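Here subunit A shows up in two complexes: once beside subunit B, once beside subunit C.
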Partner chain A sequence: MWLWFAKLGSPKWFYELSSKWLPWLVVATVLVIGTATVWALLFLPPDYQQGYTSRILVVHVAVAGTSLAFFPLMAVAGTITLVWKMKLADMVAKNAAALGAWFSFITLATGSIWGSVSWGTWWEWSDSRLVSMLFQFFLLLGVVSLRSALEDSDKAAKACALLSIVGCINVVIIKYSVEWWNTLHQPASPVSLQTGSANGPEFWIATALMILGVYLFLSVSLILSTRNEILQRERRALWVQELVAAER
Partner chain B sequence: MDLINAIQFDSWAEFIDMGGYAFNVWAVYGLFALFIAVNILVPLRRRSALLRDLRRRARIDDQVALNSAAINRESMSGVQTAEAESQGQSDESGDAGDAREVIQPASQSASDLRRSQQGENS
Partner chain C sequence: MLSASVKPSTRSAFMLTLKRDLLIAFKRKNDIVNPFMFFVIVISLFPLAISPEGEKLAEIAAGVIWIAVLLSAMLSMDSLYRGDFEDGSLEILLLSPHPLFFLVLAKNIAHWLVSGFPVVIASPLLAYMLKLPSESYGTLMLTLLIGTPTLSLIGSIAVALTVGLGSRGLILAVITLPFSVPVLIFGTLAVQASASGLPAGGYLTLLLALLAGSLSLAPLTSAAALRISVS
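After this line comes the complex of A and B, so read on.
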């Protein structure tokens, strides 16, 4: 049991497995995001109130929803780092923080561009959803800078793990902010069967497809950067040296 | 065709215009494309830089190993020519072999060493 667990966390094991999976993941990502984008831009009917700006929501909802996955992911990786000191978990957590900051930024930017038409404003400080998402963006930047600020990499990993676990509270606040406080941002639309509105069947199928695509993209990007992290941290290991020699 | 009919636009101009919201819709999709491109290309570029660096380090290690082998060989051959006449050679060549074993790095320069060893013997 423990042997199996140790193997799971071995960077070499992850590197070799991801080498096999990566091409397929890339193909799936291109297919799913490509289909969802063409569908959204060409085939979605205009919303009866929002017109074609409703197409923005396909991207915005997919990226925003996926951005909520980062703190739970980092918290799980952080717990594994704290309890079992697994090297791989910390490498994933490190790269997830930077990618999560990107996700939060794109969520804010696309939401702003949509709001400028639908709400008539780019930003609203009194809206809890907007502010809590901005807070997540800063928290993730905080995790990134905390790691670079601490010189002892062992201490940095522990501090980041702790901050990631605490940061999960904010994810709950983001999720329920639209129900607890009622300001500008609308709650999640219930799935409706009425065509021609922004929660009709065409819309939620396109959005579901885009969410799947964005998750696939997340995994591709995270695997790529984790593999780099492995090459750097394990550069003295024999298997990395053999791999470098083989690619000459 | 059904699929063609399902397209919401009759012309390119209409498609670009997005019902008057061209700026907003295209800005979001442009940003989305940029976001994906950056987060794929940056790790890929970092990977090639990393591999280049690791390859350079490996070359330096090999060079150091070769140089020290050459120095070692010179000193060994000096000893051999001086003492070969007076003493039995079996002991000396055994020592030299051991010395080479020690400095041999576990990389591909091993084959280079073997080649130079053969050259010396013939």
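After this line comes the complex of A and C, so read on.
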């Protein structure tokens, strides 16, 4: 039973497996994001209040939801690093931090663009969700800079793992911020089955599809950057040298 | 200081660490005085830069004091484990048979007594300089009394993570400041509430909750971080 778990720790095994999966994942990502984008931008009916600006929410909600997954992901990977010292977990955690910062940034950017039309403001300091998301962005940048500051890669791995576990507190704050401090940002809308309602199926199915697409995109980018990391860190391993020799 | 044959209890180890750190702090006064001077100077810059008018100053007083506290805490935190790391006594601390939780807590308390506590004592004077309404002096002191130890405990984690680095002033701030935001928010909200005649009890209890949480969890995390850094 533990065999697959032990295998998971082997960068070589991961590299070979991901080579097989990657093309399929890329195709799926392109298909799902493509469908969701076309649907959201061309066919989604305008909201009765917001008009066509509501379409950007499909991207915003999907990216924002996904960006909350980074700290838990890094915390799980970090725990694996701290407990089992698995090399692969740290490679994933390292790339997740930078990727997460980008996701948070896109969340803030799309939210601001939408807000500038619907709320009449690009930024509102009194809103807890905006501010807590901004601080998630800062925290992720903090993890990235801690990683680059520590030269010993083993120490950096453990230190970042610990920081990621502590950073999970902020995810809870972001998630519940709209319910604890009710200001500008609305809480999650309940899905409705009635077509033509404010949050009817045509809207949330597009959003759900986009969420799936963004998660696929996240996996693809994470796998690609992890493969890169594997080649870099295992450059002295025989199998990597053989691989590079075969490429030449 | 201790003969090898006597194995002290955890309580006496806690007290000894506390005493030792206080002694070191008083021998190296610069580490205490400079962050405190920084705190006072930063605060006195605001009336010069923004406006000497009483009304405007009163409005921003709570925020200015709290931000100055945060910034000077960043400076003073730097010396929390550095000396011990450089002379190797941190390794002795890690090797001790006592739970590291209590030793880290003792170091944090000693550090707060020399860095956070003077700020609490000096705050009414600075509040007066910033024209804060006098009825909120009490609330300000209470928020600082609860908030500064929380900041020290949170900051201790980041200091422990970066203790081996040569120059780490900035990375310390980048990691610690985002985590300190809840303390800043509730601290300033409490003072603003009391300045406008509203009850501040709710914010104070939230601050107490943050203190209780960080008192029980932060030394554990700092201990784990120290074990990572010194290995």
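The rule we apply is simple: the second predicted complex is superposed on the first by the 239 of 248 C-alpha atoms of A that agree within 3 Å, B and C clash if a C-alpha of one lies under 4 Å from a C-alpha of the other, contacts with A are read in each partner's own complex, and residues count from 1 in each chain.
We adopt the following convention: contacts are C-beta pairs under 8 Å (C-beta built on N, C-alpha and C of every residue); 3 or more make two chains touch, one makes a residue touch a chain.
Since this is a predicted model, take the numbers as computed values, not measurements.
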Where does A:Leu212 make contact in the superposed view: on subunit B (first), on subunit C (second), on both, or on neither? neither
Is A:Ala75 touching the first partner subunit B, the second partner subunit C, both, or neither of them? neither
With both complexes superposed on chain A, which partner does A:Ala36 reach: first (subunit B), second (subunit C), both or neither? neither
Give one of first, second, both or neither to describe whether A:Ser145 is in contact with subunit B, with subunit C, with both, or with none. second
Taking the superposition as given, does A:Val61 touch the first partner, subunit B, the second, subunit C, both, or neither? neither
Just subunit B (first), just subunit C (second), both, or neither: which does A:Phe135 touch? second
Subunit A contact check, subunit B vs subunit C, more residues touched by chain B
Mind listing the subunit C positions that touch subunit A in their complex? 157, 161-162, 164-165, 168, 171, 174-175, 177-179, 181-182, 221, 224-225, 228-229, 231
Can you check the complex and tell me which residues of subunit B touch subunit A? 6-9, 15, 18-21, 24-25, 27-29, 31-32, 35-36, 38-40, 43-44, 46-47, 50-51, 54-55, 57-58, 106-108
Touching residues of subunit A toward subunit B in the complex: what are they? 33, 37, 41-46, 51-53, 55-56, 59-60, 63, 99, 102, 106, 109-110, 113-114, 116-117, 217, 220-221, 224-225, 227-228, 231-232, 235, 238, 240-241, 244-245, 247-248
Touching subunit C in the complex: which residues of subunit A? 131, 135, 138-139, 141-142, 145-146, 149-150, 155, 158-159, 162-163, 166, 169-170, 173
